[in-house]
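Chain nomenclature is as follows: A, B, C, D, E and F, assigned in order of appearance, with residue numbering initiated at 1 for each chain independently.
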Amino acid sequence: MFYHNKKLQYFTPPDNPDPIYAKKVQELIGGTFGEMTVMMQYLFQGFNCRGPAKYRDMLLDIGTEEIGHIEMLATMIAHLLDKAPINMQEDGAKDTIVGAVMGGNGARDSIMDVMAAAMNPQHAIVSGLGAMPADSVGFPWNGRFIVASGNLIADFRSNLHAESQGRLQAVRLYEMSTDPGVKDTLSFMIARDTMHQNQWLAAIEELKADGLEDTPVPSSFPDLPDKKQHAYQFLNLSEGTESAEGRWAKGQSIDGKGEFEYVEQPKPLGSEPNPPTPDPRLHGTAMTPQVPAAQTLTS
Amino acid sequence: MFYHNKKLQYFTPPDNPDPIYAKKVQELIGGTFGEMTVMMQYLFQGFNCRGPAKYRDMLLDIGTEEIGHIEMLATMIAHLLDKAPINMQEDGAKDTIVGAVMGGNGARDSIMDVMAAAMNPQHAIVSGLGAMPADSVGFPWNGRFIVASGNLIADFRSNLHAESQGRLQAVRLYEMSTDPGVKDTLSFMIARDTMHQNQWLAAIEELKADGLEDTPVPSSFPDLPDKKQHAYQFLNLSEGTESAEGRWAKGQSIDGKGEFEYVEQPKPLGSEPNPPTPDPRLHGTAMTPQVPAAQTLTS
Amino acid sequence: MFYHNKKLQYFTPPDNPDPIYAKKVQELIGGTFGEMTVMMQYLFQGFNCRGPAKYRDMLLDIGTEEIGHIEMLATMIAHLLDKAPINMQEDGAKDTIVGAVMGGNGARDSIMDVMAAAMNPQHAIVSGLGAMPADSVGFPWNGRFIVASGNLIADFRSNLHAESQGRLQAVRLYEMSTDPGVKDTLSFMIARDTMHQNQWLAAIEELKADGLEDTPVPSSFPDLPDKKQHAYQFLNLSEGTESAEGRWAKGQSIDGKGEFEYVEQPKPLGSEPNPPTPDPRLHGTAMTPQVPAAQTLTS
Amino acid sequence: MFYHNKKLQYFTPPDNPDPIYAKKVQELIGGTFGEMTVMMQYLFQGFNCRGPAKYRDMLLDIGTEEIGHIEMLATMIAHLLDKAPINMQEDGAKDTIVGAVMGGNGARDSIMDVMAAAMNPQHAIVSGLGAMPADSVGFPWNGRFIVASGNLIADFRSNLHAESQGRLQAVRLYEMSTDPGVKDTLSFMIARDTMHQNQWLAAIEELKADGLEDTPVPSSFPDLPDKKQHAYQFLNLSEGTESAEGRWAKGQSIDGKGEFEYVEQPKPLGSEPNPPTPDPRLHGTAMTPQVPAAQTLTS
Amino acid sequence: MFYHNKKLQYFTPPDNPDPIYAKKVQELIGGTFGEMTVMMQYLFQGFNCRGPAKYRDMLLDIGTEEIGHIEMLATMIAHLLDKAPINMQEDGAKDTIVGAVMGGNGARDSIMDVMAAAMNPQHAIVSGLGAMPADSVGFPWNGRFIVASGNLIADFRSNLHAESQGRLQAVRLYEMSTDPGVKDTLSFMIARDTMHQNQWLAAIEELKADGLEDTPVPSSFPDLPDKKQHAYQFLNLSEGTESAEGRWAKGQSIDGKGEFEYVEQPKPLGSEPNPPTPDPRLHGTAMTPQVPAAQTLTS
Amino acid sequence: MFYHNKKLQYFTPPDNPDPIYAKKVQELIGGTFGEMTVMMQYLFQGFNCRGPAKYRDMLLDIGTEEIGHIEMLATMIAHLLDKAPINMQEDGAKDTIVGAVMGGNGARDSIMDVMAAAMNPQHAIVSGLGAMPADSVGFPWNGRFIVASGNLIADFRSNLHAESQGRLQAVRLYEMSTDPGVKDTLSFMIARDTMHQNQWLAAIEELKADGLEDTPVPSSFPDLPDKKQHAYQFLNLSEGTESAEGRWAKGQSIDGKGEFEYVEQPKPLGSEPNPPTPDPRLHGTAMTPQVPAAQTLTS
């Protein structure tokens, strides 16, 4: 069960409105690695967790924090959308050079209109200058963005990757802004992402220390003896052998259970496929013409 | 540019058809962590790679391998769909107990019909007993499933997580089958997933050894001095302190740049949100009634 | 900012596992009118609210409650998925009648397998017997399911409709179960939906009492004088006049601003469309053949 | 069965082309509350209606009208896309200030190019200057946008909300235009939305007058006696008690069956969740390490 | 503008309910090639048509017919869903064999329950035994299913393909049924699909006869002289030369403008890709480590 | 199994970066008719093919070629995104006219910023200046874009239509560019599309010559005798008879099996729909009020 405190976890309002930047910040709310993803991912992992209590509690701690991150970003977007240009030609300032280019069509009269043109139109039409559960191109967040498999090391690796992509995107947005308020709020969130990357790396160590999970995931299923030869071979399927230079091509495997082998000219081990002949009542194309009489029998 | 060899990388045909299992195998082709995902993810990462040649080559090696994995699974599904029950009541074998349950409605006469009921109907209607680019509930694969950010450590963590979820799902399907052919082919793919988990762990090590990337991602953007206090705090936002017991709550942080701190009763640092008043022409609800005269001015 | 209490708002565990029912309960989590929808809808409306404080506070109260409803249903699903049949043929109990129907193919041996066939396969393969952010056919929840327009009466009508569809679906699921634990938990949630329908009806009254909003939405934009005749006409476009019998076809309009009129034989008021000729460089089909020389000029 | 008359229900052509506005008008065709939604929603409700004939006839009347609304807007968009800038730099008019900004890259030479940049690129590439079944950010209309539950009061509340959001969006687009032709056509459609809001309010009254449906929906399912206490309580889950000031917190409930109660400090009524231990063959993480031997038994 | 006649274009009611078959018929309503697709495709092509009037009129004729096809199928589904099993265990008929298999869990008692398990759960929970705008796995119809490009030959080829897939799917469903009513209605629709395939083949001939369009599409854009060599070469990129045996590998090309050539060992004509170095502020991985100081300069 | 050659099939780098054009080129990668579609469509058709070997081999030849086309376009996009404007106001060049228009808000200072505003924001935030598996509005490619039915003539018609739309879109993009490098690469791809249109037309001829497939598809299912009258009638459902002028309205049908007939005033052949009364436990609205006592019986 959840409770809400009206104060924001952290927030410095933007110094200036900027509807284009508002469009971009949507990526951090409803993008593949936005706050909706980490919030839902951690909560579902927590709700479904059957492992030791410390993991479940930790997942719900961080999932609960992320709900508040959506709140922070939604507030930022409301500020950025303030005074967004709604009605074209409204500002009176006519750009005559632009007017000349446009000729008699008269459709556009000012750069302000261009701003109106490039902002997310749904920020005006649909949400009335509020944040939306969508990314920076307006694509809605969806449930396939999250992962909750019941295997904690698989999921913590997913969390680590989400926080890595998430911090990367937040940093990019930080670099794309010159607004001190925006940059201050984002730098707080970036610091939290630093914590969360560390947290998932620590949680992976903890799972190993507890003897619960290890590489390869799931470690409770070792490779079969007759397949082990395939478990440490690097296949050079792209012409050229630059890939032989990496750590993945030689030496002991990272899981400590094998030795990397570089296969320079890999060959197929199977035969040509030979899918069975289809049922004639499905009217697929077979090797020879089909007798067109099926329906006369049954109707 | 790509070339194709008609032989499969590895394949043992299923001993028996099984349309229900065919439905489930779709998860490994078109699911969030199916072969379409890893194939497209590695190819796009390779196409977009600007790092050293060994990384680009390695990405294209493995991406090219994964195209062939789709081919293997599509062939498996064609075999599993052989003799799928198309026309109900067709087998002549009437189950009288079932008939009694169904009463006079006569809609169903045999367990064979039940099989027809629970298979993916699109395997008959749409694909004519062939594999589809969709998951085990028929949801189509889509481009938001893949990650190619241009930052290699972020992407390799994503690849590690994809191979972890992918091996976990392949193992689950292995456990859900008793067919020797299916199990043999899957165990080969599971071994390759073992390699690929090791490969991405090795590639992450290689990036660090090359001095290119590290934690936190992106390591080229350190946390700001005034935000560093937030970069190593664990916030206990869920009642109870079981989460204090984990590695993430104490000791040096994994990136070696800070010390974990457990905040038992975290408080908001921001104030209450105060979003600006909306433009009246968007007809949102404001603090006081709006004058309903806008359109009479402009029309 | 949000906090979490580990106890559930209300919960009686199911008496028996039932993986098919678990599939159906997903509709109440991730369906169009599931708890994810109302949670996100109320939170976004609250985050974006610029109206009087009582509305914003009320929206965040109920949005916060709904997060906990996801938690309750996720827990119910974990119980329902307990002992779900994973490996076919595993229970040893062979149904010889079924075996006879299946003949030599040997793919299926027991009704338990049929259960395995009809459950949501992702509950085993993807989530490891946990709830997912998807509906009863496995389609993921997405952000287009929610509404937050900034106009409170429009949004409260949306909330009323969501709670109406939501209670209807919960009641249907109640009727579809015979499990006392399931029915007890659902009847609590149905009671909350009763409250929430009443709440939104009361909130619409409150908006009117405050003079903020009224019919037609948005009331701050009255119809133009020359269009008012179209604002109260019912057009009989489907042959037959049964529709003349309803309240919508006669008497004062509900907004009190007009009189309903039944137009028995409505005619077009516009002319035939005449879209302009397309730019030849887009190579659409025009009235006469185009000169195929465009590219020779520019390359 | 349907028939078509080539004349439009109402139409005044735009005075000027405007590809940016064309992009925005897409919201009214293929957005969540566009004409495709109301058309499909009313037709499916009509097709599925089992209630008295007047309701079915009325639903098909209005559903049929809405098909023609798509036609009107598609024609408007074709006019707005006339002379859309296809080929950059084509108009000869060079803006030297802009050129200076762009430096030697030479990619852009005029504001006309900017227009080309901000229009929906699919209007040129995909539809050849025609309307598309998508919204203002290019996201396609989909079937989850509509509601047809078989319960008429639930559906009429849905219709009322759709017409409320729809009129709000049409009004916003009206305010965002200065083109007399566009405004005239939109004001006709806004007037029809006024009618349709009144129509659904009237239809809800009619259902009550007929004794068919009432609050709470579905009224054929009253709350259970032991849950009634939860059916009228407002839970104050967000810190602060501003929400106590509204109609929803005190007095008789709107359905006349209870008394609103304000619960200032709501507590959980359930216990901590305790999901059952997962089947080890799904390789989720359990309380203690699993024995990694499963597959050796079955293969 | 559209009108509706209450009678169906053609209809024979099903003899028996069958909720599983109802699930499958959804493919013909909301699948990729269902009636929603052809209806919307032809209407949008008609609305956007700038070619001669006969084409526009023809498109609107057939588009209008297809709306009525949705109506026919929706009615068929309502009949098929009659008496669908809602409440498990309700029919009293206990299957003791099944009961034995299920042991003490008690979740399932009859084959009737299995029927309830395999039907589309949304047919009960969401639509209340009515048709939905979705396909046979419950995936919603969406606007990306249709094509309306403005080029009539491209679109008529699309229409021909849609009617080909559509007739194929309707035939498969015909073969999958033994219900005389269902088969009679489907055979009418199949006959209409025959007409529509003929119609689009005739329309393609008409476009050629009118001199408006031809192969290659768009014929108003001939291949450039220096690229013509690539316009008639078949590239043998898959090992083996079986593909040399087909009409596509030798003789005059179908458009009469070239000669097919079989290239047995095709080689790349381009060089290795060399994408430019990324902007360091995007923190992608470059050839050498980046200086981590960007943000200290701007904040 | 697949192999990769590092050289591109064909490529001329763009002369100049252009982030807006990069956004548009995405349509050719991840749009409905982009290279991802034809690649996946041909590969799945090939994997699933049960017809003669020449067809299977041919499908895999062309499918393999299309993988390389994605590679070419991804490389083009990386070049076009070079030097994309990341940080607003960064170039120092202030456009004072624009500044005056923007007034004191200070959000935008240069046309360069406008470029930043209109580019696909995910090209910076998500992909770090690389191609994405999405179309020109950022909507992701998905598996419902492809067709692989098992019936080769149905699929080859689909392929013909895909290559027609694909060449049309590539030509439009060619016309929308003035960059010699872009135009050279595109004209190569357009020439390949010419080949591929010819190829599918030839393949359809081959199927007929082999006696495998013909019109109507599937030709193995002729129309029933009592439905044949409906198989060649054109129904004039849109007012006006311009549609009588086309080839589809008179003369022998294209399949040679009938005579086109123009029905000027088509009438319904069916009766009014009469869907059965719903189960009261689903709480849909019926003709008369329902007794609200269901749940008291079962709980």
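Note that in this section a contact is a pair of C-beta atoms (placed from the backbone, for glycine too) under 8 Å apart; a residue touches a chain by one contact, two chains touch by 3 or more.
Chain-to-protein mapping (UniProt): A, B, C, D, E, F = Manganese catalase family protein.
Fair warning: this is a prediction, and the values are worked out from it, not measured in the lab.
Looking at chain D and chain F, the chains that touch each of them are A, B, C, E. When chain centres are defined as mean Cα coordinates, D lies farthest from chain B.
The interface formed by C-E recurs in D-F: of the pairs listed in A-E, A-B or D-F, only this one shares over half of its residue-numbered contact pairs with it. With A-D and B-D as the two chain pairs, more C-beta contacts join A-D.
The two sequence copies chain C and chain D touch through a face in which the numbers common to both exceed half of the numbers used overall. Taking the mean of the C-alpha atoms as each chain's centre, chain A and chain F sit 25 Å apart.
Centres computed as Cα averages put chain E at a distance of 11 Å from chain F. Each of residues 1-9, 32, 47-48, 55, 57, 60-61, 64-65, 71, 75, 78, 83, 86-87, 97, 114, 117-118, 124, 126, 128-130, 134, 137-140, 142, 144, 149-151, 153, 168, 171-172, 174-176, 178, 187, 218, 221, 224, 237-238, 240, 268, 273, 275-276, 278, 281-284, 294-295, 298-299 in chain C touches at least two other chains. If you draw each protein chain as a dot and join the dots that touch, every dot ends up joined to every other dot. Only residues 1-9, 30, 36, 40, 43-44, 47-48, 57, 60-61, 63-65, 67-68, 70-71, 74-75, 78, 126-134, 140-144, 146, 148-151 of chain D touch chain E when the two sit together in their complex.
Across the interface of their complex, chain F is touched by residues 16-18, 20-21, 23-24, 27, 31-32, 83, 91, 93, 95, 97, 110-112, 114-115, 117-119, 135-139, 169, 172-173, 175-178, 237-240, 268, 273, 275-278, 280, 282-292, 294-296, 299 of chain A.
Interface residues of chain A, counted against chain D in their complex, comprise 1-6, 47-52, 55, 86-89, 97-98, 100-103, 105-108, 113-114, 116-118, 120-122, 124-126, 128, 134, 137-140, 149-153, 207, 210-213, 218-222, 224. The touching residues of chain C, when paired with chain D in their complex, are 5-11, 32, 53-58, 60-62, 64-65, 71-72, 75, 78-79, 82-84, 86-87, 124, 128-130, 139, 142, 144-145, 147, 149, 151, 153-154, 157-158, 160-161, 164-165, 167-168, 171, 174, 187-188, 190-195, 197-199, 201-203, 205-206, 209, 215-218, 221, 223-224, 226-238, 240-248, 253-255, 258, 260, 268-273, 275-276, 278-279, 281-284, 298. Of all the residues in chain B, the ones that touch chain D in their complex are 168, 171-172, 174-176, 178, 180, 183-184, 187, 281-283, 294-295, 298-299.
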